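The structure under discussion appears below in the form of structure tokens.
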Amino acid sequence: MSGRRIFARPARLAAIAPYVWMVLFFLVPFGFVLKISLSQTAIAQPPYEPVFDLTAGWEALRAAFAALSLDNFRLLASDDIYVFAYVRSLTVAVTATALLLLVGYPIAYGMARLPTRWQAVAMVLVIVPFWTSFLIRIYAWINILQHDGLLNQILLALHLVSQPVVWLSTDSAMYIGIVYSYLPFMILPLYATLAKMEPVLEEAASDLGAPPWQVFWLVTFPLSLPGVGAGVLLCFIPIVGEFVIPDLLAGSNSLMIGQTLWLEFFTNKDWPVASAAAIVLLVVLLVPLLLYERLQRRQLEQGR
Amino acid sequence: MRKLSRLSRFNIASLALGLAFLYLPILILVIYSFNASRLVTVWGGWSLRWYHEFFGDRAMIEAAWMSLRVAASSATIATLLGTLAAVALSRGERFRGRTLFSGMLYAPLVMPEVITGLSLLLLFVALNAERGFWTVTIAHTTLTMCFVAVVVQSRLGSLDRSLEEAAMDLGCNPVRAFVAVTLPLIAPAIVAGWMLAFTLSLDDLVIASFTTGPGSATLPIRIYSEVRLGVKPEINAICTLVIALIAVVIVIASLASKLSSSQGESAAPL
Amino acid sequence: MTDELPRTDVTADTVGAGALPAAGEPLLRIEGVAKTFGTFRAVNGVSLDIMAGEFFALLGPSGCGKTTLLRMLAGFEAPDEGRILLGGKDIAQALPHERPINMMFQNYALFPHLTVRDNIAFGLKRARLARADIATRVAEMVALVKLEGLEKRKPDQLSGGQRQRVALARALARRPQLLLLDEPLAALDKKLRESTQGELMELQRRLGMTFIIVTHDQEEAMTMASRIGVMRDGKLAQVASPRELYEAPRSRWIAEFVGDINLFDGESKLRDGHRLVIGTRDAGALVVDEPREPVGAGKFAVAIRPEKVKLSRRGPVSEAGHETAINRLDGVIADICYLGGTTTYKVKLDAGGTVQASVANSARLDVNAYSVNQHVVAWFTPDDCVVLPS
């Protein structure tokens, strides 16, 4: 244990640079968000009243504390736009995650059943699209889904529809985009648990008289639950805060929270309200974030 | 044969459909980038017209150059810092502030990008920093060093600790043992971390939008504003170029790792 | 190929450089060394002297502290208490790279990114030897462990036995004053392990070096070591030659840990000159030689190795006839276990207990073999017994 201790001292020194960096560019900015979410909007540049001004001394500091207000949070709670945005973010995330699970599970299951040599190939094939740009992948779908795009052309040619269907700016387009973009995040953890599973277990189940669907439902699926959990959290968390996909593919009549935040910030220039919205978003995500953290730590410990 | 029999028809169908779903949109995009017609959906024969258009578009070229510079520099800084962080976490045992450190390191992994972007912008405004290349680079470094740290840390965790002890036993002090033994063995993970950081930076729209200033847009920001106005064939060409660039990076990296692992084999008279 | 390595240190920066012990002084002296991990006392006050040129084995079950002790010698752990003197100099707090001690790791810990040659040269480069000297020394080592022709291979292109040799060559290359071997043969299969044992012993004798080996395999320790330290719960239970350990174990635990043994619990009844009579519950009264350290009255265990127990159909006639104090136990064969070289018989005694007898199969056609349920007499002499405190 302490041969490691000899190593530990210089290893700890390695923490200094990244530590300072993260405090400077993660922790401190985060304090700023908190602080500005509690201050008043002002028509100025930057568009908020500074909350602390340490040069002004102790009295000013007390005055500044007195000026802190929860007004922005009250606004968020009372204005329907924000409440709707949070509710919509959560419903979209739940629906999209369920869709991802439905689409991703059969693919991961198929991968895990491939001969070992082919499993590696399949894995690379699933990961490679993830390396191509996120934006490009959304853009590819705009190409296909637009009014005279490929999908409508095919549907018309097959006489499935008599006139072009409106795809863009609908929820279906958004769901297609989300499922497309997040699919690898769902497949990989699922595949990891399914591939680790002993094939003997399924054989034992069928030997004991279970028909294939029961083998799946009573043995395979329960054993893959850790992977399901990881995949669900890995998709759910970022989808709640998603901005680009709903912005480009969904209609503009109902916004997700990421879009509202963006709008407050860039269009309305209301930085305090945007900051407050960010804080609320984070609070909403706290439970899944903590769940995810626990799951990851457990996996790390198991890996050891 | 026995292994194959585990594959049901359903398995094969879902795999085929899944891969088609993943690849067809990209394939269509690439094909249409060579379309001669201005109408995106009408096939007008093969042509490189839109590539010419792109290379004539100064603003686009500048944005692409900015993106490449940001990606290369932020990936390099992030790889350095992320590797150091991974070493500290996997070899530093317990130290004061470790929990805070690992918390800060992993938070950006799951934090919505809008929040990361917003918070960094507020910092830069408060510091009165001029927004542009450096602010985006700093923002991307903060985001991507977490990914590098995860990749490198998992490699360090799976490394046999007795290798480092053997090096010390054979006369290395801890730092030399790290350089002579640990570093060469985790090099593939470091390279993979750099590549991941590079592509993440090249890809990012949200954080860059928050942290960049007027006149220094990155490629995703440009593409995004063009796409919002409607589909343009030139965008197809740009996207195809980006895909090609990433493909080349991946191929080079995998060739390099294959080469380094087969060096010994070719010398051995097996 | 050199048969003898001059025992000079290659490193100028090592603590014990040139400090060889005077005649009669131990090379290594461990004094009251203790190490605690959290609340677990892994090593609990161990003192031990090791002479130059010894092949010493630390033997014990897993978790007994033997590996921790070895790691303290190598410098990977610092003792909480006690001193470790090498050639008279305390090295307890010195870092691993400052000690003229090298270690062969359990799984060899060969650097996977380096060739055989570079693995062997690794420690020499750290000692800042001249390039030509390194080349000579590596060639010497390669010849010593018979790895000629494999210098350019990487560890993953070697067999288990070849890897073991590389690890040995790498640890020997710096010509350490002391070589530590942590379960060096555990990863090899049985046949290879036996031949390698012989080679290691030969090498140690030829180089005149001091080896300390850690093992959980008592046969391995007995075969190779000139002295064995048995560890239990962080303490040295007994330090003795293999023969003494086997024939005169100091405690019941050691007797059971090293080899097979029959144990009969009982109380001493009478003393007859240098003989004791001990009444046992399972085998009746047994006559034994009084141990070297005289014992008083009380509870004892009589221990007897299975190969010292003889079997007869009617009882020992020849040897036992004129010896009245012989131990004769009547019983029935309960179980027979044929092991090739020997056969082990389990005899259910009329007195209640069971005794194991191991009989050499000295003839191919065993006309005298016993069969189950056959009545036999198991007998042994008083000096075959060991009396152990209960």
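So that you can tell them apart, the chains are marked A, B and C in the order they are listed, and the count of residues begins at 1 in each.
In this section, a contact is a pair of C-beta atoms (placed from the backbone, for glycine too) under 8 Å apart; a residue touches a chain by one contact, two chains touch by 3 or more.
Just so we're clear, the structure is a prediction, and the values are computed from it rather than from any experiment.
If you compare A-C with B-C, the chain pair joined by more contacting C-beta pairs is B-C. Put simply, the chain farthest from chain C by mean CA position is A. The most central chain, judged by the distance from its Cα centroid to the centroid of all protein Cα atoms shown, is B. Rounded to a whole number, the gap between the C-alpha centres of chain A and chain B is 17 angstrom. Centre-to-centre, using mean CA coordinates, chain A is 59 Å away from chain C. One finds 55 Å separating the Cα centroids of chain B and chain C. Residues of chain B found to touch two or more other chains are 165, 168. Annotation for chain A: residues touching 2 or more other chains are 3, 6. Those residues of chain C in touch with two or more other chains are numbered 75-76, 95-96.
Contact residues on chain A toward chain C in their complex (touch as defined above): 1-3, 6. For chain C in complex with chain B, the touching residues are 11, 13, 74-76, 95-97, 101-103, 105-107, 109-113, 115, 122-123, 126-127, 152-154, 156-157, 170-171, 174. On the chain C side of its complex with chain A, the touching residues are 37, 71, 75-78, 95-96.
Every residue of chain B that touches chain C in the complex is listed here, in rising order: 160, 162-163, 165-173, 176, 180-181, 184-185, 264-265, 267-268, 270. Residues of chain B that touch chain A in their complex: 3-4, 6-8, 10-12, 14-15, 18-19, 21-23, 25-26, 28-29, 32, 39-41, 80-82, 84-85, 87-93, 95, 97, 101, 104-108, 110-115, 118-120, 122-123, 125-126, 138-139, 141-142, 145, 149, 154, 157-158, 161, 164-165, 168, 174-175, 177-178, 199, 202-203, 205-206, 209-210, 220, 223-224, 227-228, 231, 235-236, 239, 242-243, 246, 250.
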